[in-house]
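First up is the structure itself, then whatever we jot down about it.
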Amino acid sequence: MTAVTPPVSFVPKDFASDQEVRWCPGCGDYAILKATQKALAEVGATPDKTVFVSGIGCSSRFPYYLATYGFHTIHGRAPAVATGVKLARPDLDVWIATGDGDGLSIGGNHLLHVLRRNVDLQILLFNNEIYGLTKGQYSPTSHRGTRSPSSPHGTQEEPVSPAQFALGAGGRFVARAIDTQQKQLVEILKAAHAHRGTSFIEVFQNCVVYNDNVFATFTERAVAAEMQLWVAHGKPLLFANGTRGLRLKPGTLMLEAVTIGEEGITEADILIHDQTSKPLALMLAALQPPTMPVALGVLYCSPTACLPLAPAQGAIDPAALPQQIDAALHRGDTWTIESRADS
Amino acid sequence: MTAVTPPVSFVPKDFASDQEVRWCPGCGDYAILKATQKALAEVGATPDKTVFVSGIGCSSRFPYYLATYGFHTIHGRAPAVATGVKLARPDLDVWIATGDGDGLSIGGNHLLHVLRRNVDLQILLFNNEIYGLTKGQYSPTSHRGTRSPSSPHGTQEEPVSPAQFALGAGGRFVARAIDTQQKQLVEILKAAHAHRGTSFIEVFQNCVVYNDNVFATFTERAVAAEMQLWVAHGKPLLFANGTRGLRLKPGTLMLEAVTIGEEGITEADILIHDQTSKPLALMLAALQPPTMPVALGVLYCSPTACLPLAPAQGAIDPAALPQQIDAALHRGDTWTIESRADS
Amino acid sequence: MDQINPPVGSLQPRPTISRLPLESAVVRFAGDSGDGIQLIGNRFAIETAQSGNDLATFPDFPAEIRAPVGTTFGVSAFQINFGARLIKTSGDAPDVLVALNPAALKVELPNLKRGGTVIVDTGSFSERNLRKAGYAGNPLADSTLADGRTIEIDISRLTLEAVKPLGLSQHDALRCKNMWVLGLLYWMYGRERQSTIAWLGKRFASDPLVAEANVAALNAGHAYGETSEVAGDITGFSVAPAPLPPGTYRSVTGADALAWGLVVGAHLARLKLFFASYPITPASPVLHLLARQSELGVTTLQAEDEIAAVCAAIGASFAGALGVTSSSGPGMALKSEAISLAVAAELPLVILNTQRAGPSTGLPTKTEQSDLNQALYGRHGEAPLAVLAARSPADCFDVAVEAVRLAVRAMTPVIVLSDGYIGNATQAWQVPAVADLPAFPVRQETNPDGFSPYSRDPETLARPWAVPGTPGLAHRIGGIERDYETGNISYSPENHQRMSDVRAAKIARLAQAIPAQAVALGPDRGRLALVGWGSTFGPINRAVSLALERGDAVSHIHLRHLSPLPANLGELLAGFDRVLVVEGNNGQLRALLRSEYLLDAEGLNKMTGRPFTIDEVERAIRDRL
Amino acid sequence: MDQINPPVGSLQPRPTISRLPLESAVVRFAGDSGDGIQLIGNRFAIETAQSGNDLATFPDFPAEIRAPVGTTFGVSAFQINFGARLIKTSGDAPDVLVALNPAALKVELPNLKRGGTVIVDTGSFSERNLRKAGYAGNPLADSTLADGRTIEIDISRLTLEAVKPLGLSQHDALRCKNMWVLGLLYWMYGRERQSTIAWLGKRFASDPLVAEANVAALNAGHAYGETSEVAGDITGFSVAPAPLPPGTYRSVTGADALAWGLVVGAHLARLKLFFASYPITPASPVLHLLARQSELGVTTLQAEDEIAAVCAAIGASFAGALGVTSSSGPGMALKSEAISLAVAAELPLVILNTQRAGPSTGLPTKTEQSDLNQALYGRHGEAPLAVLAARSPADCFDVAVEAVRLAVRAMTPVIVLSDGYIGNATQAWQVPAVADLPAFPVRQETNPDGFSPYSRDPETLARPWAVPGTPGLAHRIGGIERDYETGNISYSPENHQRMSDVRAAKIARLAQAIPAQAVALGPDRGRLALVGWGSTFGPINRAVSLALERGDAVSHIHLRHLSPLPANLGELLAGFDRVLVVEGNNGQLRALLRSEYLLDAEGLNKMTGRPFTIDEVERAIRDRL
């Protein structure tokens, strides 16, 4: 056996595997991969202690490109597999990569339950509002009217909002990011990693082939400032380079976008982001272009007890185990058959 | 063939089937059955046009006891089966009966998607915070610490809130009721029936055998007034016989219970229930004893387009169909092989 | 019909008198679900075991959680077969039936052995109860009970009288009825009361009055037997100890034994046990037992559904634990996609299926053996794995250990088939000493030199188990076809053929690691072999042993390993003129044996939700000899 | 190797010269995914069909959505087999390979027929592209292409030149390369250009410049052929029309034909078609086609997963529509619990499985026949149903209609097995006139007199289909065992046996409603029969016909009905000395035939993700005669 001394710290490229990356040229997944490698390095992760679990989809190829342990499982089930990994080995750092189809169509139930159980792991949901791998059918996040091979006349269904769903499911860390906005994405990944419990990150990811520019209404450079609201705990909910902000429409429970300086509005009127407020998080998650900017960043973070609990079971003494098992087997009613004289 | 002339209108017992009801004596399901039969009669339902679909569980035995069409399917899948029924036959009045295990454990994904698609049907979720039929294991709605055969040391998981989940999933009608409170339950069932789209009703149901009195904190007669807040659209959010109410805690996004007459509070300070406000519905759904009353009634009702859409496909002319199919088969590139002289 | 007047003031012990010796006996207790039938059944079983008999029991719960009192569908029953010989089944028809209400009589009487004895509580035969049971008249008054011996006792009244001095409410007093019955049965079969009295004291420690009342009822029932015996109304029996190997015994259900087998198997492999399941009848008791074993290092997860359960187990296996999941037919169907992933990923995984009667929801509380095909073939693609079946409650322990051994040996999923019958039935089980069992410690990979996640052990063809957290072995696996050498994704045609072949070969090769098939009973070759698997063991074995006693040339072959089949099986079967496959399905093993060995195997099949009776198997033997 | 100098200014038509007549030819187009290979393949197929040849094609997409340009895993190919005779497969090895870049040459060359012709675009053989393709040197310069005939043309440059007058960007101009190739191939096989030119006009109606450029490239390629032919560099071939029955034809993939078969089948049953599915490769195209047929009354639902899809279809069938669902192996696994419900509820349901290579995710874009066991046995409990398999793209239509007929006849689920090969392959298909097809209108129950939801038709054993909304028939059904008479829940042992028996009998009885098994080719009895099911039809049939031509005594038997098996099958097979079962799995049908008929059937098996070649089957025949 060769003793392997791990280097003290790792740089992003230490997290790149030797496998050729096979997403379409221009796919947003590349940027997410890059940000993840960077974030892993920055949080001081160790490849050997890190596990990426994924389902099926373009996005779910993610683990192959990371030099960590990885398990590309089956469609929709990554949260369940990852729960098993984490409960069996609480010391491992577990991440899930999933897509809008993998995570919210076939995998919706497992996503609900991993969030509810608050298993200590990070979930990256690549939302491209489409099924990439199976060639472009609409997904549960596709906006109403999306035309696709399976919806030639446009979808007639309301999409699910990943962030609202995650909050409704009991998620305690819910964030949003954009594939190409690396700086923010890396920071959010780091915050997710720091959070104890399930961290859910929806990444708006551009599928150049089947749904190109679907997020253009808020990701295009020209509209980015107007249409992106990056939230920060304790900071006012400002956007458009600080010229606009959100306040509670007086007398209602609705957020309203206002312009500083107009109608006597000052920065003091602007709501302060409180990442521990679930009602606020829900309202932020519901904002939509064109009338409202998209809320990005850590919408909600409010830690509570998570699974696995402190390793109470860690206290098993292997040497004592056989006797303990013997004792357990003898618990309750037992009786003894004596060896008989005549046998 | 005998011509059956349906009676013009039906009374509750016309909705009772000839099957012996086999729930445990004292089970809350009886009361829900009774209320449903009453509501069906009151909304003018016809047994022959009504379909109840259920999964598996004590609660899912519901269809057997109604003299309507019924389908007792498999565990967790009632929403999917019911979606098929409704899309195939938009003229039928479709109801789902499910439990907290059936609907929110194994069936969580289908519940999400029927709500998201907003299929025009009614869902009764019998929440007894336990798996009744399989003899008492905890369910996803069991409160933390619930001891059961599968959680001998008490559960370590946070429960899911059915109403919050339904709202997060995009539900457009979310209500809550209590099994034994017949008057309100019947009214809520009628409101659900009137709503176009998916109507979701969580009924707190007492399982006398495996989880007796789990809702006693708010259902016991002694605490009912203090701990039940029955909401009504356009009416102030009052409880405790009108002596207490909810207001928005000044400067926050939090509901606060206040006493009329104390600290200068008048009824005018009390929030008016707006069933079209999702943020309010979410806040109401999150209220919990002992510090807050449980919000009951129609928490949210905000209709939008639902499935099936107006029967655009109803316009198929059966006589013309063969030619239309022929035409479709010939669309695109075709060619003709002439009959050959030599054959 | 013997109407017995209760002996008044007869509670003093009487001198022991001569008893009728029996080789074995079948007793069935039946009453309303609220009557405490399971309790006295279990207690009777324990005393019987203590007295040295071998035994098997079967609890027969109603399908409803809590049916209305007095209805036929609310009848709860408990059957015990015990004897001076080795006991293989819980018995065909009871010799003695105890019916505590009319509904119990209605449901159970048809199953009584011809000429058997019925003990009824006449006190419960009210108009109302008769009506609830669906009796037009009173069966005690008409010819219903003509065939056999009926002992009518107003047990209700006698119980009330016995506990009267304690001043309990009528309701509470009547709840002691079951103890009165137990007392009577103790007397009939010569059992001691001491330990039951002690147990009652402990059980009702917080309520000494109730404890006392139960003891009083127990004693009264016992005394009643003594008195009647003297009067010649009730016969006392004696059943000598069975020739059991010396040791410590306990009674286990199949579910208990599976659970303990997993705990011990994981320990023998030196692995942590991770058990994920979703409740389903009749599989849940394994989850319940394991949920209580956290001090033994067992982690359990009640998953959101069966898919999540198997996936979590797979995740745990990937992470280096022994992942186990369990279910019954409908849940097994849901797991099949994920089991295929475990086949592809080549991870150890144990999957328990406690079969119930199907298809679909079927009869959840009834037994059947109809999931063999599903276990063998119920996956997409060619996804070979190992399949084992347990033959009896106690055998569940050995089979669970064997499943762990094979799973880690070949890095493969192993399906273990049990069923609702052996899952709930109990048997006396000799408790092993864990240290005496042969260990098979797993070697997880740690050496990065030349490491490939899909390199293979030349003997077993297993790939290395390289667990996350191991320095230098980070790798990626998945369900897409993997390169034979590197484990990376490969779309190569030749590689897929090679991998398909090696997956099949790996399972086939397990045949080298399992014992040759032996004959369970009878000669090694001959005119007729009865072949079974799983819970048919008891009835086949007993029927064959009776036939052998009669001098018939018949053998019993019972399979534990269904995939791969034992290497010598074809040859063994070829030694018989006729082969009769006895199974609780439409001929699933039969089809496998026919296809495998081109053998004209016949089938004895049954799908009633009930196990075979010895009698049914005996008749099939007679028909063929 | 022939280095050809492009003829300058040679775009005028030349007089037609004598062409080499061929009975059939296999052409394979290959290039980068961005090269428009599928487009010209399809176009070539249409022109070929118009000219009266029979044909079969197979598109071979890369596994990646959009692999980097120039890589081997980004190669897209399209193969066509066409002839003056009936064509059964898309051909073993191509006679002519068109390789539009080095990666295409690298991937495809090994499959070229010995002595076949390669046409390469030398313009794409840049350093960079060679490197991306993994070539160390230039294969055009070394001995790589020594075996056979290579035609090197700088197609890129010639295309640029041809479209230059139109002033397109280099990028847009190069995109016409595929049309240049198509023009050349049109010339080689004597195809007309008119309809393609018209089609280009329509396709690029919004961009006339692009249309013109494509036409120019097409013409240039064609003219190049003419010129070279005169120069003797490229041979022109002629393929006479095939002896096809007169009628209107179109080209269909298996997926198209399945979809149309469902539309027509539902119509023949006078039912509304409700189709629910979840996308999965290679099954999705059926969903895509049906999603476009709402004007024909088809309702489609893209469900949240496969379980929801099958459940919605079951719900629709319960509500009186024809419920259909479709998937591939992994999704089929997920559906199995619900299929069992449809068996228990006795509702008509059609389930399509377009098989792919497994286990687990396996090779999603590759073909296999390994889900037969899953279809036959992959459910818990005894849950018999009907299983059919389609033999070719066009046959998918007939099989889909047959599936609907059997489903409604017996009120049963029917599984239809197709696979990735025939699902994507195309074949010429004679378009039927719907009115000429025999209808089988369903009689849904309307009579309340003596109605019971589980009464049975004495002939078919089917229960009545009483649809919600029908006055007076309100009833409840479910997955718990139902009483034989009333349909209410029943826990009775005898009833479960009776219901199990009738479920089996109902499917067995379908054998009376299906045609007797005929021999597809060859004598009715003899030395050797090759037995197949599904997509092995083409290679087996062609191989057997070649063997028969050689005078070998061999027959081809091809099964459409796998459950129940045709009543005469055992007898038919017994007439052959040897039976060889050819299937793309490890011997699943073989095991069934062995078990069913105690017949020592051998297997010819393959699991490479590719269909059998004719050659492989021929060799197997030769080995056995």
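Order of writing sets the chain letters: A, B, C and D. Residues in each chain are counted from 1.
Operating definition for what follows: a contact is a pair of C-beta atoms (placed from the backbone, for glycine too) under 8 Å apart; a residue touches a chain by one contact, two chains touch by 3 or more.
Since the structure is predicted, the reported quantities are computational estimates derived from the model, not experimental observations.
Engineer: Once you count every C-beta pair in contact for both, which comes out on top, B-C or A-C?
Structural biologist: Result of the comparison of B-C and A-C: A-C.
Engineer: From chain B, which chain is the farthest off, judged by mean CA positions?
Structural biologist: Looking at centroid distances, D is the chain farthest away.
Engineer: Find the geometric centre of each of chain B and chain C from their Cα atoms only, then give the gap between the two centres in Å, rounded to an integer.
Structural biologist: About 40 Å, centre to centre.
Engineer: Using mean C-alpha positions as chain centres, tell me how far chain A is from chain C in Å, no decimals.
Structural biologist: That gives a centre separation of 44 Å.
Engineer: Based only on mean CA positions, could you tell me how far chain C sits from chain D in angstrom?
Structural biologist: 48
Engineer: List the centre-to-centre spacing of chain A and chain B in whole Å, with centres computed as mean CA coordinates.
Structural biologist: 29
Engineer: Any chance you could list the residues of chain B touching two or more other chains?
Structural biologist: 56, 72, 74, 105-106, 108-109, 112-113, 140
Engineer: Could you tell me which residues belong to chain C and also touch two or more other chains?
Structural biologist: Correct list: 73, 294, 304-305, 307, 330, 337, 341, 345, 360-361, 478-480.
Engineer: Using the touch definition up top, name the residues of chain C that touch chain B in the complex.
Structural biologist: So the residues of chain C touching chain B come out as 64-69, 73, 278-281, 284, 287-288, 291-292, 294, 300, 302, 304-306, 330, 360-361.
Engineer: Taking the complex as given, what residues does chain C use to touch chain A?
Structural biologist: Those in contact with chain A are residues 46, 49-50, 52, 241, 243-251, 260, 263-264, 267, 270, 272, 274, 276, 293-297, 299, 301, 303-305, 307-309, 311-321, 323, 337-338, 341, 345, 431-435, 446-449, 467-480, 488-489.
Engineer: Considering only the defined contacts, which chain D positions touch chain C in the complex?
Structural biologist: Residue list for chain D touching chain C: 63, 73, 307, 328-334, 336-337, 340-341, 343-345, 355, 357-366, 368, 370-371, 373-374, 376-383, 478-481, 491, 493-494, 496-497, 500, 503-504, 585-586, 588, 591-592, 594-595, 598-600, 606-610.
Engineer: Can you tell me which positions in chain A touch chain C when the two form their complex?
Structural biologist: 1-2, 4, 6, 17, 19, 47-49, 51, 53, 56, 63-64, 66-74, 77, 79-89, 91-92, 109-110, 112-113, 312-313, 316, 318, 321-322, 324-326, 328-330, 332-340, 343
Engineer: Under the definition above, what is the set of chain A residues touching chain D in their complex?
Structural biologist: Touch residues, chain A against chain D: 22-25, 56, 58, 72, 74-76, 105-106, 108, 131-135, 137-138, 140, 149-153, 209.
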